[in-house]
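In the two complexes that follow, subunit A is the common piece, with subunit B as its partner first and subunit C second.
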Partner chain A sequence: MSTPFFQFDIGLDLFPMLAATLAAVGCGLLGNFLVLRKLSLMGDAISHSVLPGLVIAFLIASTRSPLVMFLGAAIAGVTTVLLVELVKKYARVEPGAAMGVVFSALFALGVLLIERAAVRHIDLDADCVLHGQLETLVWYGAPQKLSELIQFSNLSEVPRQIYVLLSMVVAAFIFVGVFFKELRIAAFDPALSTTQGFNATLLHYLLMIFVSAATVASFEAVGSILVIAMLICPAATARLMTDRLHTQIAMSVVVSIICGIGGYVAATAVPAVFGKDAVNAAGSMSVVAGLILAIAIIGAPKHGLITRIIRRKKLALRIAIDDVLATLYRAEESGQNVTIRSLKQMLIGRSVDSAIAASVRKKMLLQDQSQLSLTQSGRDTASAIVRKHRLWEYYLVENAGFAPDHVHDTAEQLEHLKTQPPAGPSTDPHGKSIP
Partner chain B sequence: MPVHPTIQESSQGLATRPEHSANSPLSIHAMTVAYHRKPVLWDVDYDAPPNKLIAIVGPNGAGKSTLIKSCLGLIPRASGQVEFWGLSYKQARSRVGYVPQRESVDWDFPVSALDVVCMGRYRMIGWCKPVSKKHKEAALSCLDQVGMREFANRQISQLSGGQQQRVFLARALAQEADLYFMDEPFAGVDAATERAIVQVLRKLKENNKTVIVVHHDLQTVPDYFDEVILLNMRVVAAGEVSDVFTSENLHKTYGGRLTLLAEAAEAVARASSGNT
Partner chain C sequence: MPSASEILQTLTFQSGYNTNLVILGTTLLGLAAGIIGVFALLRKRSLMTDALSHATLPGITVAFLVSTALGVNSKSLPLLLFGAAASGIIGVLCIQAILRFSRLREDAAIGIVLSVFFGAGIVGLSYIQANAASGSAGLNKFIYGQAATMQPPDVLLMGGIAVAAMLATFLFLKEFALVCFNDSFAQVDGWPVSVIDLVMMGLVVLVTVAGLQAVGLILVVAMLIIPAVAARLWTDRLLQLVIIAGLIGAGSGYLGSVISALLPRKPAGAVIVLTCSGIFLFSMIAAPSRGIISATWRRIRLRLQIEADHLFEHAHENAKFVITQVELKELSQFRAWSPAFRWVLIRSILSEGQVVRVSEGFELTRAGANRGAQVSRNHALWEQYLMSYADVAPSHVDWSVDQVEHVLSQELVSELERTLSSRGIMIPQPNESSV
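This part shows the complex of A and B:
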């Protein structure tokens, strides 16, 4: 097939793509502080409950000017946070339940208000609240060449939504930049923040006002589903990838941009593979955001599932090697011969084969057919392990009040720790010598 | 048996002490605090003497943390006044340091030990200004004092519980306050951290600071502290350890919790032998 699945068309794609990406970046940036405060659901709550605020503002002022919409949303956002606090306090329910109750009630109120408004032939639509109206941003009669695009005269062609979104993103960056230190301390330790004179509650409300503003700015273009996805996914993804807040924020912005552009392209390109028409771009972006988060959950370098599994396997192998060597050492002490078979019987549940292979590779173990013997370095390692085991047994009996016949299993676990047991005598509670 | 022992004469240790509220780093007068209309602290009166290490002890739910938090304005008071050197908390804020309970924060938060200690200096730095090199160096030297300098760039989740507590302590030092509140700094720490904390407390005292510590281990009260507040919703007794840390007062504070009392008796015995 020679036709590409996605062909960028300035008129069709420039403004929708820009709008979606700006919305993603603004929400993604602010989402960091929601994720850090474990308040992601608050983004969900606010993005739903600004709806009645918008409708009421519209009904009062009879205009959809950005300032009026912003005021309506900000008031609704703060009201949401206040109501959540009240429900939490007086209904004595968990925060999640309080948010759930508040935002579903407010959203329903918003939908009711829209229905009433629709009866009066006012242009508000509940459907576009969910999916947005990216298609309205199409630029008819756009120039086809990049050189013709970059001209001052074209500025007037830029739709209002882009300007609104751009102001929102710039404001969000300034807010996070200026109050970075304060947002960090209020998120990490609200009590200390407040006692130092940085009122954590005030900062919280300030953040919520910005989240409300970002929500309402993004609403019209991309709808609430994308807003919710962007408030959570980029920040959560970045959180998994790094342990530094600066890096996390930078990464969340990059992820947001990838979601915006990637999701927009995917909305056209992926259905085209199956010979279908393009899907809703906002929905597609949310899917991309979810996929990126899923990839991070699985593959993140330090906190990902794969790393954790590898870490666990490595630990299991280390323990198995310790056990194999220690068992051989004890057998040497009592003058027994150990075969692979008897070793496997003694160490049920350990991966004995790989432990033997690894120990042979590390030249700690000699394997002659099925006979096993320690090399000198293997013997040294093993004696250190047995020493730890027996010192722990001594410690448990002497200091922790264990009975001598109950300490083996605990010592068996403690011997694998890097922590050294306190020094002790030369024999363990069972009369065996401590190497 | 009633949950809270009835107390006729509250704060007996105070009766003999003259009041100097302008000199006292902390003076609490008739403070009552309630949660959901249920009193947690009732009519608390206390004047902290300057330059002392002061323990707050009492059973679970006695209101120890609440006492600290309501002094700092983190929990609203139903009634009563709290003054710091005769000033309101707002006026005295920069001279008061606070170490919350370790569990009160999320230790997975993406910050380093140094970042956390720097937070102690935010008040000095002020709104909207970045943390300058000068403040970072001050924070580093505070980490040094608790033996944690080499962990400065560690993410805090990679520290042990004791090390985390020491980071909190370093952060308090970074505040350069004159009065410190510490909420259970000794809870669940290893021996090395306990020694480090005691060292820091003594050094603070040497430098004319006052430290008020919520403390659980009755046995170490006489060793670590000069003063003790025995709290169970009300102040059962408060004053010098040698005066008020008696088995009678402990009995009043803890009611019939015998295992604790046995421990306490031992501590009291040591305290009185240490004072003769």
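This part shows the complex of A and C:
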């Protein structure tokens, strides 16, 4: 690459990019249900274990016809699920170990068979199983203008892999569309689905067949590793971003498209910046998927790391403010004088300084050097908190069977809840009046 | 095909220094992997190990690039393996971080790390292939493994790591067992649980890294999981588990590398793993008590006992001593006995001397009549117990009792008799006298 930036070339890039994106979208869509059902690793297992099914179908039929391949893959996929159940049942080990046994054994079988196939001069090879052969999709003599591109005669130039991938994506969308309700129930509550007359186990096998089919369709172009990445990463990213299944699915498809196109472009463009040759596009797509996921983990609106830290800090501050005000209220009650220093000693572990600053800002507190006093609005807020505290104490003693000298710490936590305690008398178990 | 004498030579370490060394090395590796795999299995970390081994690839490529840049010998195995270990550990830390800082579950976290790290490794490999002057012919071997081309120093390194890992395991066997079976107890008892856990994980890393060259990073997980799960079928005792898993691992390492030495075109890693899977398959079918054969045999025996109980109970309740062929047919229909099952059932009670063949059907002997009386009595006892003590409605007890009556032990029956009679509840009397 002489130019330091990505230049789209129809002949070089159109079909590989299309194939990569289609593979990503198909896997990304199906992956939603794997991630929700905690079956991500079943996707991993199947994408390893369809290999022998593929090669055996190939050795028997001696053809690369997609139908034969799909049949081989579907049988291998279902066999994997059945074998995992069998190992789980007899060896009584956790599902992960059972999967590990089954898929590594089957993958080893596949690797061995592939060598046989290679002996018979069939162009399958163990390395391209892992990272695909996007480069074989290059279109020699492609038109350079868009107007020349959009012509019916060009349809015959479209490689077989693209058609296979396209049918897989369409089939996956139809499957998810038709069985959306059932898939949703089964994803969250398989038992409910079965009691409502739809067999969750059957649906499970159907899903696994689709995963196998998606794996096979993607194998040739992008390899099995990208299949695993795309089954899990986009769905996991979307799962962090939203709590609605519809939105999650839509998002995962968008993320898949970004991974497909972005990963492909990055594979050429990033090394080009440093004046180097392009790297493997399938690998680069899974890295892009990983980066997007990392961003989601850190910055997702509701479940992201940053939001959670901010939420925790806000809560801590609110509790600290509550505690500062309540402490001052109690001191007023008993006629004591509270300085900032004594407050800090009473409220160890809470950020007293920022709580005081915030309360002063909200005009709930007056600060005169080290002397603190409540304003009227501060007093009202504080009395509401102390009221909650004492009502909770009363509740715990009367209704929860606590001893009066054991309730303070629990009430100290409950007082910060927004929920109001049940009503009670005018004095708490320690004889203090409830404001 | 190799001749018989060649096979014998290889099996008995008489086929050249290098081959012997490779066979010895993989045997040691299998031994170590089998032993340490037991703890990975018990800690439910089987598939985390898979992620770990896949995550070694980017480390290998980075180590290669860094050492090339520094002018060190970039094919130095210790350096590459160090890189592998480092990135494997980073991968495991990433899984922990995802679990801690996001709401994704373990299955998704493992799949994410596995695919993204491996994708990064593929990017690295293709970068080296395209850009590094020295080429990367040596690095591909880490993916599928190449036991046959290993050099003596490589084998020594691998064997050394394996032996060290093994010794450490036997040194810390007690600690490992404690943490595997009850980590909270170990914590309370003052053991440094996280340190012990770290040592276990470190040993897994060591074995994984040691196995990279021989079996490759995709299949090395099989050497850790399969022997352990296979051993689980044979025993419930930890020490036996460790020993059996070690032997299975060593056996498959030995046999697998012998086979691949004889057939050099076969990928050694796959052959070793398939040998291991063969041993697993045999264990799953033939292991005493947990194997498929013995479990099926047990189930058939139980079913025979239950159905014979029903036959005699039926005779007893209808006060019959001869069961005619017609009756037998009716009963078969009612109890859903297939003709084959009925044949076996009749054979079994004939051989136990509980019925004899007469002209119109089968006549109960004294033993058979007693059995019927006993079953009826157990049925009635348990029914009484459920109605008097478990508050089951009289109209609902029959079905559940039908299942329990066959498995009431003699002690339980005596206890039921005692309890029920002490409360003045009528016990149905066996009418053996009527026979």
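Here are some notes:
Following the convention adopted for this analysis, the second predicted complex is superposed on the first by the 427 of 435 C-alpha atoms of A that agree within 3 Å, B and C clash if a C-alpha of one lies under 4 Å from a C-alpha of the other, contacts with A are read in each partner's own complex, and residues count from 1 in each chain.
Basically, contacts are C-beta pairs under 8 Å (C-beta built on N, C-alpha and C of every residue); 3 or more make two chains touch, one makes a residue touch a chain.
What you see is a predicted model; the values in this text were computed from it and never measured.
Partners subunit B and subunit C, brought together by superposition on subunit A, clash. Judged by the touch definition given at the top, the superposed model places A:244 against subunit B, while subunit C stays out of reach. Of the two partner chains, neither subunit B nor subunit C is touched by A:17.
In the superposed model, A:228 lies in contact with subunit C only, and not with subunit B. Once chain A of one complex is fitted onto chain A of the other, the partner contacts of A:217 are absent, as it touches neither subunit B nor subunit C. By the touch criterion defined above, A:396 reaches neither subunit B nor subunit C. By the touch criterion defined above, A:81 lies against neither subunit B nor subunit C after alignment on the C-alpha atoms of chain A. In the superposed model, C is the one of subunit B and subunit C that contacts more residues of subunit A.
Residue contacts after overlaying the shared chain place A:38 against subunit B and subunit C alike. Note on the chain A alignment: of 127-135, 181-189 or 235-243, the part of subunit B that runs into subunit C is 235-243. Common to the subunit B and subunit C interfaces on subunit A are residues 38, 239.
Residue ranges on subunit C touching subunit A, taken from their complex, read 41, 44, 46-47, 49-50, 98, 101-105, 107-108, 110-112, 114-116, 118-127, 130-131, 140, 143-144, 218-219, 221-222, 225-226, 228-230, 232-233, 265-267, 269-271, 273-274, 276-277, 280, 284, 290-292, 295. The part of subunit A that touches subunit B in the complex is made up of residues 36, 38, 178-182, 184-185, 187-189, 191-198, 239, 242-245, 248.
Residues 35, 38-41, 43-44, 48, 86-87, 90-94, 96-101, 104-105, 107-109, 111-112, 115, 119, 126-127, 130-131, 225-226, 228-229, 231-233, 236, 239-240, 267, 271, 276-280, 282-287, 289-290, 293, 297, 303, 305 of subunit A are the ones that touch subunit C when the two sit in their complex. Residues of subunit B that touch subunit A in their complex: 69, 72-74, 93, 96, 98, 100, 104-106, 109-112, 115-116, 119-120, 122-123, 125, 127-131, 155, 157, 171, 175.
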